Amino acid sequence: MSSRYELRFSGAGGQGLITAGIILAEAAAIVEGQHAVQSQSYGPEARGGASKSEVIISNEPIDYPKATSVDACLALTQEAADKYAIGIKPGGMLLIDSDFVKREPQGDFKTVKFPIISTAKNEIGREIVANVVALGAMVALTGIVSREAGEQAVIARVPEAFIELNKKAYNTGYEKIKSLIA
Amino acid sequence: MAFDYEQYLRPGKLPHIWCPGCGHGIVMKGLLRAIDTCGLEKNNTAIVSGIGCASRLPGYVDFNTLHTAHGRAAAFATGIKMAKPEMDVLVVGGDGDGVAIGGNHFIHACRRNIDMTYVLLNNYIYGMTGGQFSPCTPTWAKASTTPYGNPDPIFDVPKLAIGAGATFVARTTAFHATQIDKLIAAGLRHKGMAVIEVLDDCPTAYGRRNKFRSVVDMMKRLKEIAVPVKAAAHMTPEQLEGKVLTGILHQEERPEYCEQYQQVIARAQGA
Amino acid sequence: MSSPKVEIIENYCKGCSICVEFCPTNVFKMEGFVAKVVRPEACTKCMLCELRCPDFAVKVH
Amino acid sequence: MAKKVALLQGNEACAYGALYAGCSFFGGYPITPSTEVAEVMSKELPKTGGKFIQMEDEIAAMASILGASLTGAKALTASSGPGISLKQELIGYACIAEIPCVIVNVMRGGPSTGMPTGPSQSDVMQAKWGTHGDHPAIALAPASCQEIFSETVRAFNLAEIYRMPVQVLLDEINGHMRERIEFPEPGDLEVVDRQQATVSPADYKPFDDSQGDIPPLASFGSEYRYHVTGLNKAADGFPTSKPELVDAEQRRQLRKIEANRAAIEKNEEYLIDDAEVIVVAYGTISRSARYAVDVLRKEGIKAGLFRPITLWPFPEQRMAELAGQAKAIVVPEMNLGQLILEVERVTRRVCPIEGIGRVDGEPITPAQIVAKVKEVL
Amino acid sequence: MAKKVALLQGNEACAYGALYAGCSFFGGYPITPSTEVAEVMSKELPKTGGKFIQMEDEIAAMASILGASLTGAKALTASSGPGISLKQELIGYACIAEIPCVIVNVMRGGPSTGMPTGPSQSDVMQAKWGTHGDHPAIALAPASCQEIFSETVRAFNLAEIYRMPVQVLLDEINGHMRERIEFPEPGDLEVVDRQQATVSPADYKPFDDSQGDIPPLASFGSEYRYHVTGLNKAADGFPTSKPELVDAEQRRQLRKIEANRAAIEKNEEYLIDDAEVIVVAYGTISRSARYAVDVLRKEGIKAGLFRPITLWPFPEQRMAELAGQAKAIVVPEMNLGQLILEVERVTRRVCPIEGIGRVDGEPITPAQIVAKVKEVL
Amino acid sequence: MAFDYEQYLRPGKLPHIWCPGCGHGIVMKGLLRAIDTCGLEKNNTAIVSGIGCASRLPGYVDFNTLHTAHGRAAAFATGIKMAKPEMDVLVVGGDGDGVAIGGNHFIHACRRNIDMTYVLLNNYIYGMTGGQFSPCTPTWAKASTTPYGNPDPIFDVPKLAIGAGATFVARTTAFHATQIDKLIAAGLRHKGMAVIEVLDDCPTAYGRRNKFRSVVDMMKRLKEIAVPVKAAAHMTPEQLEGKVLTGILHQEERPEYCEQYQQVIARAQGA
Amino acid sequence: MSSRYELRFSGAGGQGLITAGIILAEAAAIVEGQHAVQSQSYGPEARGGASKSEVIISNEPIDYPKATSVDACLALTQEAADKYAIGIKPGGMLLIDSDFVKREPQGDFKTVKFPIISTAKNEIGREIVANVVALGAMVALTGIVSREAGEQAVIARVPEAFIELNKKAYNTGYEKIKSLIA
Amino acid sequence: MSSPKVEIIENYCKGCSICVEFCPTNVFKMEGFVAKVVRPEACTKCMLCELRCPDFAVKVH
């Protein structure tokens, strides 16, 4: 079968995880010419609650567009971790925001902890780019797209004025994780 | 001194689903105070809504509550009121629900002068579906389906209601919280169709897109545009430019619909 | 008249700042995502915060 | 004879049937050829304190009867094709919110305005599939004025028992033709009233399925207070999107029908035992078919009539059995082939099945059926 | 690669497909999960002088596109269950008055408000039977974003060729998911424009079937003037209830589909040649099915996929052929059994047919299909 | 001197289906004279109707004519006008069609101020379906669904149109035949939504039931109740009791909808 | 089979033929306790044009409610005669208004001519009762219900004030035909 | 000004009497089911009959 690789970004509504998923899918599909599908689930209510965005990347056309067994998962909140870490495949990876996910999900996967939100706030200066920090981190963790492809996709998405900010966020996330897992 | 909202709220339903700063919560509180003022009985009161953020209101309050289909609240409510005229019937809902898809039921309820109180939460946008323009979105404002600005003129809801025959028409804003309950209470006491428009805000689907920096900014605008009818009488057209009148805008006495129908019954029974 | 007690139910508060901005005597302050009572003694019991909080999160007794 | 008799139009019989069943609310909007139902209701209802309201359109009419039904009233509306199409969204609302009501569709030629004064049976599939989403459906197709009366009564009973909308399908012919009616005395026909809640108001849940698939529906304005929504909801009536609750609710609603087919389905069989050709016909056209069967029998041809009175749920088991015995099946309908599809499906087409379709505004005649039966044999 | 690529949501791809097809008018009313179609159209149409209008409700939206289409515009509306139910009367109008237009239904859970953000395939039968009266129906169910683009183009082509409304059925999943799209260049995909009248204005009749079943439709505001009605009408467009004319008209309208099945029907077959179990799936769920087929094949089970892209007309001949070869058929649908009824009918159930229904707001997973296939074998 | 109606009539369609004395024929003639006065071109003119006796009008006249579904004429017409703004678009229809089932499309067309001329033939009854009451049937009048008299209050159509935002609103009656074409012509010349209500009579479904002995009696009533706006200015409320105002009741200038949309196009094209 | 007997009343819309059919059906079904079905057809247009009303009378339940082969037909106008005399069965009867139906339909049936409308106008004094004159005539012609049953049904249908007028109309129609066919 | 010619197209006339009743100079009279011109010479050419005939049945030249 194909090289199907499944990623999940989870957290709370409004944390920009859908955008993170889209950028990753664009990096894969547009920059790198792979196949990619991005999808999301709405919580039970229109607003609030746990939210997730999934990206499937493959060298072949992708059939089932939702995750079946997740290769790598990001969780920014406890609720998201509780709800969405289930589904990580044996040997998969989980990246959690160490400030917000205190009860670490247990399972046959590798968990990487890193204070994503506070990094965005304190090192980049804008909490709003936490999703891009997370994106950089996930790219570093998984290597599913190249660092450059990810950066290019970030640049293509954000308004001119915010390019530098976002590049910094992306690269910070990327490097922090690289050094963590090195 | 704090008003005891809990007595009218269904237990365990808070926090509600509305976004931070959404005006609907303020109106809901005013509605409950008005119901309390007028001494409506829970068992004897029906609150009917359509679909939209505003229309989620009935789910929180402990009455006979009916969350219908988009735009149809007034028609469902008419069925309830006709079938059981002794009940107190309220309709609540958004601008889209009330005067876009629901416009026909709205004007016909006004025409019939059926004894209902219609609280229209006008946040001048379709909030629930993510910010498409409504018939109340200001011309040239931004909405998700007016990326170049909204070409549509707006409905003046009170003017429409009056044109259609409503016998009690009032307006206020979410900023004017103390007026909300007073006007709704006046509407509840009025025999016939009472329409109370409350201008409130949708920071999520309207505010951001239209460059309001915060909920507070939006509230300030409500404060600024409101002019009580009495005050307006002394103002020039220039001064009134961009303002909206608040207070009771229209009130008259006309036979109420269910009472008219009682006459039909009397005639049928040969009285 | 007993001295006013202003209370915020934190898990109802959604942090809209309305109470903070419109309290005539600056009784509240935002702390993170929620409003906090910081100058209860200044309260004049005008009740506006309670009336205007969209989330049933302020109580003035 | 002691019973009151009258010569009534089918539409009038329908209205009197509704009154017999205890209908106390009618919300409508005029449309040919259904208007006589409203006209009788407007005259009769206020005599006993019932309510007739003519709404601004068919959507409002449907909404009004649902509102009225929630107060405990047995509620009726009547319309025809265009109006029934407009009601579709709220028919779905009645399904999901489980609000009893009866909808009469006096079918005329369609689509759209079509032939307002021409008879038709072309809304049969719509009666099952008109609204979006999975939902239960009951639709009855009486043939004579007397049966229109009694099936309207049954429609109310089914609506109240299964807490759902029930459609009565008439057509321009049997809606407008006049026949002798014997008015049943009170008690002659079963009249089922809405099951009352027995739990305490505090414990009442409008969709509590713990006691069975059809929870009792309390009335607005009684001591029971509850919430109703058109969203998928939990037992307490409040919205949910929990997969397991949604699934349970949706399946329960279809089960209300599936598990009670025996109680709901009704059909008539005429000279069927030894029939080699079975004519499957309903409503007005079943009368042509019966006439044709008589003619055929006279000529020595073993024809029989299978007449579903309940079109939905379709009496599929019996139909399948009959197909096993027949050499051929003929399905005359005043449409271009609707119920025949269901006949084909449930019988696996074990024998040839031929339709007679007619959509020119004229009824299918006995002669047409006789000819077709001879052709298939 | 020279082609423009983008990551687009299915709804966005649908809008861009419409633009590619030459759509110049959109009339809509917002509803989740279809709104992105309107949003893209509101942004793109005015760039080329096209018109976007948000009407007061779905009925008005449907009316507006029919008015626009009569002026010669290719016209689109998009909605979801509740809105589609409201449009039913005017969908029938489009059928009888033979006005081309495309209606996108991004399906969500139903009935009524149901689950606005939950995916569903439960409007499949409604797409054929929702409006009253006999009428033709075309409904397409693309699976991927690229196919949503190209099938939307085809929907416009079919609408223009057959002078009728065409529905495109998406669902909350493929409407909202994002995939890589290659934008076809002009000419890559066939775009069919409306057949122009060739007779002189004086001789023009809007429903003149003397040259074939699909008379050319002239535009309002050209030199051709004519009358359009929702009543049954003669060739000249004026109402008639002459039985022979009504009959001819009604039958011609169905014939537009029946006689052109080969040109309209489209389906995909995957590993079908030696398949012992055939999974029949469409839209989003066909992707689960394809995945499942791969898994099953890996395990040595001879599974294949039959994917109707045209749901209506249903590719019944091919389906029947395939049933002849299969040991079993499995039909997974995000509903409680809709297209399966058609599969049952057309195959005569010559082999066991099992459905997988799911209505809890979650998609049917490949694992569910795998399990079911193993169960039926 | 006789006006040449034939030039605008489709050959072979007369006599029309309307009953003896039905006012709709009188209005149709006025409409054609107005079209002639304004020099509308046949090819460039669309006339749209819904369903009802009045809505049969388009079938007789030689333009682009569209007989839609009950109540939907204004919405179809909006599609035509938006798609081809250079066309002249008229809507004709009955009271039931226009303000019962069609009420929502009617008020929204008024709100948008789209350039159309809406001629509403108000015979205060559902004629086509045999005489059920409409939202314009006088209170306590008889109709087939009000055997004990009609309990419903009526819509004042001009008031409703004004409340909804129409920028030209006029009224006359079938008796005042010379005014019909003048007002319709004024409406056609007006840029924006023009509503002209013509009170006419349905002897068949209304007259008989309500004790009018003849068509002529009904026409006389129209003559008596009509009061020109100017004359009304000098009359007391008592004198005006039971009267209806005729003439141009409201006119104002507001941006027209298709022109507004041209601005959207200009913005989208970066102008 | 049953004693099925088919009657058709035809003329122009507004001539009261539906009422005539209803009264006959009431005479059969209510007064005499037979089975009866009355139905009508609307012309192509809502108003005007030829109109017909049919009554089937039988001693057994009636299946097909429309005429299959008409036993007796009434035609008040030429258009109705042209259109609806077709369908009279061999040996059946046709009653025409001799003032209005000038071209007599041909067929294997007996035609009776009689100036119905002018009788109503001149002998009864009110054209509006022509339908009741016709009814009396058809009862006399067919004998399908008794003279008394027909009269009773007429009385039951019309308002108090018009009973005498209608009785006269009915009996005049009845007697005229009786003497004609005697 | 030539003397007016008033004409009734009989197969359009439905006999409503409007022309008869409202002609100021009584030019018409009902005869059976249709209106007839009985005093053409009295016509003042006010045109009201033509304007008000619902059936396109009156022509004044």
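A, B, C, D, E, F, G and H label the chains in the order they appear, each numbered from 1.
Operating definition for what follows: contacts are C-beta pairs under 8 Å (C-beta built on N, C-alpha and C of every residue); 3 or more make two chains touch, one makes a residue touch a chain.
A quick note: this is a predicted structure, and the numbers were derived from the prediction, not measured.
Take subunit F out of the picture and the remaining chains divide, by touching, into A, B, C, D, E, G | H. Most remote from subunit D, judged by the distance between CA-atom centroids, is C.
Each chain gets one centre point, the mean of its Cα atoms, and the points for subunit D and subunit F are 39 Å apart. Per-chain CA centroids place subunit A at a distance of 54 Å from subunit D. Subunit G and subunit H have Cα centroids separated by 38 Å. Remark: subunit D and subunit E have CA centroids separated by 29 Å (rounded to whole angstrom).
Shared contact sites, meaning residues of subunit B that touch two or more other chains, fall at 19, 51, 69, 100-101, 103-104, 108, 128, 135, 146-148, 152, 261, 264, 267-268.
For subunit H, the set of residues that touch two or more other chains is empty. Contact with two or more other chains is made by residues 43, 46, 56-57, 59, 82, 89-90, 93, 112-113, 116-117, 229-231, 241 of subunit D. Subunit G meets subunit D in the complex at residues 1, 22, 25-26, 29-30, 33, 35-40, 42, 46, 61-66, 68. By the touch criterion given at the top, residues 24-25, 27, 43, 46-47, 49, 51, 53, 55-57, 59-60, 63-73, 75, 89-90, 93, 220-223, 225-231, 238-239 of subunit E touch subunit F in their complex. By the touch criterion stated above, subunit F contacts subunit E in their complex at residues 10, 13, 42-44, 46, 48, 51, 58-59, 62-69, 72, 75-84, 86-87, 104-105, 108, 261, 264-265, 267-269. Of all residues in subunit E, only 59, 81-82, 84-86, 88-93, 95-97, 107, 109-118, 120, 122-123, 125-126, 128-135, 229-232, 241, 243-244, 246-247, 250-251, 254, 335-338, 341, 344-345, 348-349, 358-362 touch subunit D in the complex they form. Remark: subunit E residues 28-32, 35, 38-39, 42-43, 46, 52, 54, 56-58, 82, 112-113 touch subunit B in the complex.
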